[in-house]
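Structures follow.
Shared chain: chain A. Partners: chain B in the first complex, chain C in the second.
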Partner chain A sequence: MPTDRPATAEISSIVKDFILDRFLPGEDPANLTDETPLITGGVLDSISTVTLVAFLEQRFGVQFQAHEMSADYLDSTSAIAATVTDKLGS
Partner chain B sequence: MRTLSSVFAESARRFPNNTAVADPTRGSRLSYRELDSISDHIRDALVGGGVRQGDRVGLYAAKSCGSVASVLAILKAGAAYVPVDYAAPAERNAFIFNDCDVAAVMVDRNLVGKLVDAFEPPNTVTTEVGHAADLGVDLVIVWNAVTRHVERSTVGDDSLSYILYTSGSTGKPKGVMHTHSSALSFVDWCSRTFDPLETDRFSSHASFHFDLSILDLYVPLKHGAAIVLIGEDVGKNPSVLAPLIAESGITMWYSTPSILRLLSEAGKLEQHDYSGLRVVNFAGEVFPLKHLRAIKSAWPDPRYFNLYGPTETNVCTYFEVPVEIAEDRTEPYPIGFACSGDRVVAANDDGTKVPVGEPGELFVSGGSVMSGYWNLADRTASAFYIDENGVKWYRTGDIVVGDTDGCYAFVGRRDRMVKRRGYRIELGEIEAALYRHENVSEVAVVALPDEENGVRITAFLCTNDGKAIGLIAMKRYCSGMLPLYMIPDSFNYSEYLPKTSTDKIDYQTLLQSA
Partner chain C sequence: MSETPTVPSAPVRPFDAATRRFGRRLVLVVVQLVAVLAVSRAFDIEQAVGFNRLGPLMLGGFVIHALLPRSWRKPFFLVLFAGAATLLFTFPNAVLLIGIALGLIAICHTPIPFAARIALLVIAGGVLALFRAELLPLPGSALSSVVLPILGAMFMFRLIVYMYDLRHLNRDLSISDRLAYFFLLPNLCFPLFPVVDFRTYLRTYYDADDIDIYQKGVLWIFRGVTHLLLYRIAYHHLMPSPAEVDGVLKVALYMAATYLLYLRISGQFHIIVGVLCLFGFNLPETHRLYFLASSFNDYWRRINIYWKDFMMKLFFYPSFMRLRRFGTTTALVASTLIVFAGTWILHSYQWFWLQGSFPLAWPDALFWGILGLLVAANSVYESRRTKRPARRTGGWSLGAASVYSLKVLGMFVLITVLWTMWGSGSIREFVELLQVATSDSVANWSLLFLILAGLVAAGILAQYLIHRGWELTITGNAPSFRRSAAYTLVASLGLLLASVPDLTGRIAPPAAELVANLKSRHLNERDASLLERGYYEGLLVTNEYTSAISGVEARKPRDWTSIRSTDAVRTVDGVLRYELVPAYGADFKDVPLKTNSIGLRDIEYSHEKPEGTIRIALVGASYEMGPGVTREQTFEAVVEERLNRDNALGHPAEILNYSVSGYSVLHYVALMRETRIWDAKPDAVLIALHSSEDSRLTTHLAELVVHETDLDGYPIVRSAFAESGVTPDMSVPMIRTRLEPYVDSIIEWSIQETAALSRARGIAPVAIYVPLSEEADGLDVERHATVTGFARDSGFPILDLHDAFVGVDHSAVQLAPWDTHLSGLGHQLVASKLYEALIGNAHFLSRKPDSTTTHAN
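Let's look at the complex of A and B:
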């Protein structure tokens, strides 16, 4: 069945653009890799994590549970993309 | 003799079957009888292992029924508890435990490795606490083999009950010492002001290392009411927090304004029933009026109180927000009137009162004021002004303006201390951390009010090689040195920092360019 769900790589790219725009103004985009630690690396604090999750929920039409708003699920753009892909597929 | 633990013991005797503490996230709860019994068990383990009256015992765990039992156990042992932010860098917490020379630390088993790696000289011998299912957490005791016991006297109301570490200007946190008497002075004021009932259910939103927790824990425990624990992860997630407040039947809410703002903006509050909520307290930072209007619109029925006070004084002034906020009002509400038991004045450096309507530093004296900073005699001495009658006044460093009724409005900080997300931050501590970066040669940190985040922190840096360090790299570096709320929002690089005529960093010029 055809689907218009975004691919994981596309999600990762959208998330990177959002993080660079909102939380890392002026940063060289090349420094934000798929594996850059976001929460454990001090890029996202509790408030910016809430902002990011609100963006993900709105942009991709997914819902996050309380326990998912943590470094286990959101600590890198690859982890975020995987989490969102997982939700879109379920 | 009244102590925090004797007040709890009285409630345990009067209300054995009432819920003392509930943890809705973990699905655990303890009655007063159970909490009494479990905290006795932990006290016995502490005393059996060598904890003596007057000792300090650390608490290094997330909030849980077990954490509450641990706090009571430490108090029952006649020791003072020292709670830390378990999410902060291990080095910072190790500094705290070493600084106040804890006899032992109550630790979540999952955090033992993190603790002993940094805490020197540790004795990695641990004692099981047990009761894991009831406590909602697996606690163990890590012993410090080299503790020097400094007091062995009988516990009295002037004995230390807890030490809360706050950001220090030297780059090291400093321990604010409260006695049973100073804690109870505040708790008793709460009793008179909020009329707690045994049927009340108090939110415990703040972490235990935060001074808001004193109201959260001891006011309900004094009155046979319930503490409703709100886990650190849930506490900042409005879509989970909003239904939790309704479903757990919270009647007394207490948090920073930031959380109330999150709830009104993203909590979908209209979907839940908050008819039981009767008091909303907020403290820790200025509540912008537009955000206060928003939460009052969603929750119109409770009484709202602005509580003010640095960790050193507990709450020392309060202001009850009117039922109707005037439409043309734009200013935040004042910090208000002195709590009974405390006296406040706006004063000059030399302790003379400033006239009504003129700005002065807020001085506080009375029952709720700290006894001093742990192991910092000079810092303690300089924190107080002693008047001609020998009365000790704590210098808050906050500039206020008083009116003829004795109501005070907050103007700003006297020094470079700022509050962000309710946490007090000494900008000097951030500078000290940045100075430790191998490529940083000079640094100055400034903070400016920010509509979105309350406070925006900017670091100005010079580097040895003259090149800028990437934002991600700097944030990552800081995350290993500082709690997340202290990490600067932006980093600006230049060849040199502007200086005053006395060759000190010119912060005024930096503020203008931040």
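Let's look at the complex of A and C:
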């Protein structure tokens, strides 16, 4: 296994920081948990989703498909981290 | 991806505390559901589409479903669909519907390459489309009018989503998972609910506590019912008739009411998703306070959310991912425009499956084009703004509240204007509407701005109250079970009490009329008039889903057209414009339509009046000609037959029917200036009058304007055209609006003229007032008084048949839900009244008239 791959928890933390910075400025970080619904909860709309995916692709060097831009893959920081981890591992 | 873990089903062991709690809460849900269904029945909410029959089945099905083990529930849901389809559409149609549906789903899972399956689906869809367009002979009439629209609702978009997700989905699906996605119970009543996201459908199935999902369902059904009641207020009380739109305030009201009619769609969607929640499909909301959108993007995200999600998934994200190499802004704009272009085309595609034609109208293209550009611009703005995060204040600020209120109001106004343009028959009509507003006085514009300022102030106040902790709605995402149940029950019971006419009449008499209209599914004045004159036959405005007329029009047979579009009539010169073709014979509105050698819808009469025969000429319009009933069923034929059978006049009687669909009193004048009537040597002329004379005359006048007809001999019409400034290049609605002030004086002149023409030949003119089918629910007192007053002032004796339908249900005397002409029963009832009136006033037939009104009681 390559050792320079970030752990899922680390990915989750990076994603959380990005979301707080870009989409929830001024929000208490404690309110954004690993399971806070992002798409179904209205935090991410279509524009912020493409912005987030662009960030993930650039930050982690992964590639997203159009069908992955959905709540099944991106609805929480834990789901996002799992998706990125899957992609890094594949 | 792993699915969201589901919460275990509530246990059903008999003496367990949790089970007892489950039972208590389930009973409470059932009680609310009964109350909500009672409200929908009391106010006749969507009963015409079969919700009255689906309701009890849904209620019983819900209780059984809730008590079944989880693994049995989806199969039971499918059984319920089959039962409901049989109940609503008969067994053969249900078998046809389910059989074709299973065939389509089977193609999705045929073990051949994916592309081949897509090709097979396209071929199957194409064949069904040929049936829908009636380009292939139909095996049964029900296939077109019943089965195909429902199939369209089930498959036209869901099949696309299903195949898209099937390709990428990494989980096992049971057969019932796959089938239940298509066989959604509410579609049997509500075909206008085609889009559900497949992944969302899977992810949300029992993803919360059972009872909480059921409670959400009941609450949403109730919300749907309230939307539909508000729709009726907008439809019956706010929407001005075209003639009333004479200034900026009425234009504003017309536009706002046009937009508010969308409540019909959101109401139906709430009911549909609410019903699905009762069966565990914990789907998200379809609309979110869309009248309060504060930007174009916000509007797009709040209204018809399922459609937005569908377009994002199938169009926006795939386009964006392909185009982003050209830069984010370019990709964003291009993808957004693709979404709106797709929405425009798919809107017509949806209309095709539901209504059978594929309209591509300019207002439609312009609406989606403008909205697409505005959303694209808004998206670019938002995407850039997010790079400069704003600091959240978190507190109340008058400035921020004012800005927000202004944004919401501004968006409401802009969408209202766009929506009105979309609903206009043509761009010209819309521009003329704007001209009515812009040419109004400064005082009226000032008043409009004052009203808008008041709305902004109300918005600021509402925000302040919310800031202070007031809960202004129950519509939050997750109200508690108790709060939601209490609200639903109390509000339902309140509405049920209000629906009792005696009670409302005693407590608040003015409210009685409002409640009566809330209970009515009749067309408003505008639509009734448009339907009578066949306006909708040539016009498929693509947002007419919001009109009460759309429901009945969808069920109308395609060959059910205006007589003007058939070979039964021919164009003639002058004010008459058209007449029936002599010796014509063909089916019209499902019955034979035959004319005699002089072009009457009647039997052949001898040219010379037989010795000793009383001959009566009947001059009327469609109600007298009798479209949709056989000649023998028309009240003219029934009366004639009975007069002769009973020898009621002491002589043989002949009634020659000169009536033609669409004729106005001005047509009567033109007809009576010809020799056809007088050649028959009638002893009397019966002039048929209705409360709708104004509507038909306005249509006739607009036709005369458009065709620049010679008006020699019609000075009053000529001067009305000159004074009103109408020109042939104006739209018909504008011509109608401008001529409206002159209509009554032309009716009065025409009635006087018919009397004079008759008297000039020494023949008794007699007026008969024939009620419209909708007057079974109550006489149009004002129009009745106006029309009969004109006749009385002209010296007509009047045989007033206005109470012919008393005690009879409106629907029984109406030809069909989509056609307000008289049914066979309607003709019979009119015939009975007319017969009594004739034998009671036989002296009218043999002497000069005096000015007597006779009620045929």
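Quick note on the criterion: the second predicted complex is superposed on the first by the 88 of 90 C-alpha atoms of A that agree within 3 Å, B and C clash if a C-alpha of one lies under 4 Å from a C-alpha of the other, contacts with A are read in each partner's own complex, and residues count from 1 in each chain.
Quick note on the criterion: a contact is a pair of C-beta atoms (placed from the backbone, for glycine too) under 8 Å apart; a residue touches a chain by one contact, two chains touch by 3 or more.
This one's a predicted model, so the numbers in the text were calculated from it and none came from an experiment.
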Which of chain B and chain C A:88 touches, first, second, both or neither: neither
First (chain B), second (chain C), both or neither touched by A:70: both
Touching partner for A:40 - first (chain B), second (chain C), both, neither: both
Which superposed partner A:54 touches (first chain B, second chain C, both, neither): both
Which of chain B and chain C A:28 touches, first, second, both or neither: first
Touched partner set for A:62, first chain B, second chain C, both or neither: neither
Common interface residues of chain A - those touching chain B in one complex and chain C in the other: 25-27, 40, 45-47, 49-50, 54, 65-67, 69-70
Residue numbers on chain A that touch chain B, as the complex places them: 24-28, 31-32, 36-37, 40-43, 45-47, 49-50, 54, 65-67, 69-70
Chain C-touching residues of chain A, taken from the complex the two chains share: 21-23, 25-27, 40, 45-51, 54, 64-67, 69-73, 79, 82-83
Chain B to chain A touching residues, read off their complex: 25, 233-234, 236-238, 240, 258, 262, 266, 421, 453, 470-473, 475-479, 484-485, 487, 490
Touching residues on chain C, where the partner in the complex is chain A: 1-3, 164-165, 167-168, 199-200, 203, 284, 297, 301, 312-313, 316-318, 320-321, 324, 328, 332, 379, 382-383, 386-387, 389-392, 394
